[in-house]
Amino acid sequence: MKDTATESMIQAVSDRLESFGFVVHKVVGVNQTILGAIGDKRSVEPSEFEVMEGVHEVLRITVPYKLASRTFHPENTVIEVKCASFGGEQVSVIAGPCSVESEEQMYTIAREVKKNGGRGLRGGAFKPRTSPYAFQGMGEEGLRIMQTIGEELGMPVVSEIMEINQLDLMLRYVDILQVGARNMQNFSLLRELGTIRKPVLLKRGLAATIEELLMAAEYIMSGGNYQVIVCERGIRTFETYTRNTMDISAIPVTQKLSHLPIIADPSHGTGRRAKVAPMARAAVAAGANGLIIEVHHDPDRALSDGAQSLYPHQFQRLMEELRMIAWAIGKHI
Amino acid sequence: MKDTATESMIQAVSDRLESFGFVVHKVVGVNQTILGAIGDKRSVEPSEFEVMEGVHEVLRITVPYKLASRTFHPENTVIEVKCASFGGEQVSVIAGPCSVESEEQMYTIAREVKKNGGRGLRGGAFKPRTSPYAFQGMGEEGLRIMQTIGEELGMPVVSEIMEINQLDLMLRYVDILQVGARNMQNFSLLRELGTIRKPVLLKRGLAATIEELLMAAEYIMSGGNYQVIVCERGIRTFETYTRNTMDISAIPVTQKLSHLPIIADPSHGTGRRAKVAPMARAAVAAGANGLIIEVHHDPDRALSDGAQSLYPHQFQRLMEELRMIAWAIGKHI
Amino acid sequence: MKDTATESMIQAVSDRLESFGFVVHKVVGVNQTILGAIGDKRSVEPSEFEVMEGVHEVLRITVPYKLASRTFHPENTVIEVKCASFGGEQVSVIAGPCSVESEEQMYTIAREVKKNGGRGLRGGAFKPRTSPYAFQGMGEEGLRIMQTIGEELGMPVVSEIMEINQLDLMLRYVDILQVGARNMQNFSLLRELGTIRKPVLLKRGLAATIEELLMAAEYIMSGGNYQVIVCERGIRTFETYTRNTMDISAIPVTQKLSHLPIIADPSHGTGRRAKVAPMARAAVAAGANGLIIEVHHDPDRALSDGAQSLYPHQFQRLMEELRMIAWAIGKHI
Amino acid sequence: MKDTATESMIQAVSDRLESFGFVVHKVVGVNQTILGAIGDKRSVEPSEFEVMEGVHEVLRITVPYKLASRTFHPENTVIEVKCASFGGEQVSVIAGPCSVESEEQMYTIAREVKKNGGRGLRGGAFKPRTSPYAFQGMGEEGLRIMQTIGEELGMPVVSEIMEINQLDLMLRYVDILQVGARNMQNFSLLRELGTIRKPVLLKRGLAATIEELLMAAEYIMSGGNYQVIVCERGIRTFETYTRNTMDISAIPVTQKLSHLPIIADPSHGTGRRAKVAPMARAAVAAGANGLIIEVHHDPDRALSDGAQSLYPHQFQRLMEELRMIAWAIGKHI
């Protein structure tokens, strides 16, 4: 409460807190009175009390998410899909082109990924492009190609879902459904993904705090789907040399706050090929449970994101380095 | 090109540019060679050339949007809906509660808005809440209430559409469809809104640049719907005292780059009631074409956003101040 | 405390708080125990307790500054220097060139400023340039020119001090000493400015929170100099169209938290001439106690910051608009 | 130039460019004309041309620094001080307490650092504290203690210089002079450090771009002191869980743009002890040339920054992990 708050203002706030089901403790200081509200009421927003007369500030002590919180689920959640495993001692690397462009392209790249120890295939069939005039993806045909190749190589397939109407289609072809950074707070989509029983790869929004990322995971989990892998892929800051600034510290922070696995996307996180390997190594060194990386056998001619795709020989070398780094902290690739 | 680029690298880039339909000019400097590519190829992304050997940097001289650009449409677009007008000399103020809660609540507030010179009614029926456990809105019943009151008072009604599946419903009840900040880059939704013939109020995303805001408008316009009103509602910065930082300078910048009207939302832009009036005045003083403001007759008991809603008497006083400020720069409320 | 904290951990934190002179209140909740520490110990940093075993989070309820806080000094501080007044009903506009370049240049511009109602003269003699190769200012000769003209026109003179060693010199010539954004946390300089008895114009750092700005003011005030005018001049955000993003909401926020006057610098805040007038109007509409603006009679040939300097005729028109806006909120220019 | 620029406007800009010594090339496009100015004129600021009539935008192709640029100095600069080496294959770890508190404290910690492979000692004697009421450091006595211990253990000593007046004192006791983040653009101080012949450890400012960091290095180098080690220590972003966001990608980016060594400070970069080791590992994995880390044998009782200081046993384990990570990328600790 403000130092100018009267007894009756303090009483009014106290009464209102009790009407919400909280047990209220009053602490009287030299200049100010503090009201401590005890109770498990995640649906009450602090701002609803900040407007009351005499209130100085409302601080939330407990986190606003529950299912995603490590407090209520101390052990790591381990998500296993085919040969990939996220959350345990394995660091699973998913790789592939930005967009599926043809069966041959996908096959060429997938074999390189497999050969070098990759454990998942990525590829976009529907692309969220900033410009309405850019290539928008192959659609269902792209999904079909990925599924065929994924099954042949025994690797799970990851692709992005852009809207609710694509859900049935995606479920038919894809092993892990990716939610892009721009859709991290598309709550209608999140709610729908709570009803399915396949893992969701949830990317952090460009301006999302770690708490908001975990709240978005909570949206999915509150529908009954607990298989959520979150992904750090760079946040927007004032630094413009890299497209985004990868918040590597989000990896250990998320692992402290939540039991969910977290992976990193150094391709979108940097937007520049030459920075992908250093940031991939940094993410694994910081404890990431996996990576998702763009690889292309002919990036100069890629239909999207060529500038940030690794050549196969770069991917090979990176995987060798990652193996040693993982080993340095008690994990393996 | 880099200072280390060889003749053949320069030739390769030049050839590739020409294959995309550009006319190429070569400027040879002391240390570096610069290739100027002339042509109207908005679909080509600079990054597609940045990956080529010997390339130092690719800079785009022209903006990546066209329909939204003032270059190709020098006069202001003026959007008129009932008594409201955006883009001309009138500064139209839209006001109302965050959420429609009941017919009585909406009616009480709407009359206050009308009486004080407001020219549009706002109210949420479907609420995008950060927490899955918070109040999610009245749905269709809320829309029906707004429509009835809007028609009685002769005021256009603004409400937020959260997903494509709500489109038919929204079109039946609402005069201006709002796209929330979190959906600014929900490209599926934007594309759909390009097919309708009602004005769209497009809010700037928390981490969106002005260029990205105008690209989102371009998405809608490329479908044939040119009635787009953009809205500054605060961006995310390191300052945490206010919920967001209103980027008032975005108002004159957008008006320079685009012919579309731009309004401001000081309620979401600040998140604090006491800051709404100063920021509303600032926006109008900076040249905003309108405002969208939350007003509630009993904000302590509002089901959402009470902390940032003005009391009716505060709204009244603000409108008086705005009248004089608008007049100071040759406009009227 | 964490939900896993043992009784002995809680006791250890409680004991340590008491050893610092706090009175401790213990609130026992369902999952967690909260310790409330009451006392006026501004020198204790929360982080010193965050490291203790079992501690979940340390939240400071009171602000870390005291002399700058409105809590302990409810009335506005009004700072008067010659014809200028900051903090009362007058909105004082300081204007002039970025750098003093010659007596003739300064004189030409100063007369324009005076004629149009400006109440202070600005001009740089020592310039903090990002590049070591750029023009660094006229030095003492520039100060002498400003003083002569300021005295003739009866206007106070504002110039930037860059280091402690310039203090004697500045005191001889200047009425208000400006601390630039880059020096806002140059604590050695701040401490020295606490010992003088002339007003200090303290600019907000590019990445400084409002709390840090007020802490910097506190540094000066803790030395006994209470005449501090703070200045919003733009913060660094991801938006790059404008050089900085002016945080107009910092004006009402600072006025709520502190009794010190706050002015705005729309020239550095935007870095673009065409945006100076809209942002100057916005700042006054939001309640700023003054402005500091760059004006130049021949900006194309200015030795620094020409791109953001107003022409005299633009300054004249702006002052006319500002007069009406100030009047709309009960102030005058 | 703008599409509306007339021939005479284009000629005026072209003439002015030539008057600055540039060779001008004119490229005429469909809608716009582009003027390419060739010449090595780092002191000319683009904004000086942006104000001219008809100018659309001025883009700088070359970087504004020269001595710090890799273009003009392709090999790494290797800085060697006693047993430490920055810029070559060794990754040198500097460690020690935030502040020197006593001879015994410093000695205890220094031996731990030495034993575990540290190659430099850090310790503050003059502390830049945000609050004027916090512990300000031991001053000269602290420097003397560090020097004695550094000489005994054969390790170079690093301490922060806060103002020009401390320069003689620092030179007497310290091997590497640190410039703190808040002073990164204290140009007076930088210029003075250009005249000495000891290495300078220059920390990146909280809101400084990589280009600005290298410009600050250029300030020092332009005075003749080429021994500059730059340091990434976190930037300010919207994420508040960690005190700052470490921009790990700044490490490879700086190494690409400049020949200067870059080290990382995970202690200030995160502000939280539990995040120091993951971020230290990430920095080395990304290619950092060294680290500077806070270690304290009794952090609960440290007079400053205890919350981010590692315990000796944590430091020991970290050094073991770092050894393997360095080896994975062809380096050693």
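Quick notes on this structure:
For reference, chains read A, B, C and D in written order, and residue numbers begin at 1 within each chain.
Heads up, the rule we're going with is that a residue touches a chain if its C-beta (ideal position, glycine included) is under 8 Å from a C-beta of that chain, and two chains touch if they have at least 3 such contacts.
All of these numbers come straight from a predicted model, not from anything done at the bench.
The fewest steps needed to get from subunit A to subunit C, moving only between touching chains, is 1. Shared contact partners of subunit B and subunit C, listed by label: A, D. Farthest from subunit B, judged by the mean position of CA atoms in each chain, is D. As a whole-number value, the distance joining the C-alpha centres of subunit A and subunit D reads 31 Å. For the pair subunit B and subunit D, the distance between C-alpha centroids works out to 39 Å.
The distance from the centre of subunit C to the centre of subunit D, with each centre set as the mean of the Cα atoms, comes to 26 Å. Contacts with at least two other chains are made by residues 207, 235-238, 240 of subunit C.
Across the complex, subunit A meets subunit B through its residues 16, 42-43, 45, 47-48, 50-52, 64, 128-135, 162-165, 182-183, 185-189, 191, 205-207, 212, 215, 218-219, 222, 235-236, 271-273, 299-300, 305-308.
Across the complex, subunit D meets subunit B through its residues 3, 23, 25, 27-32, 34, 36, 38-40, 56-57, 59, 61-62, 71, 236-238, 240. Those residues of subunit C that touch subunit B in the complex are listed here as 207, 209-211, 235, 237-242, 245-253, 256, 269-270, 274-275, 278-279, 281-287, 321, 324-325, 327-329.
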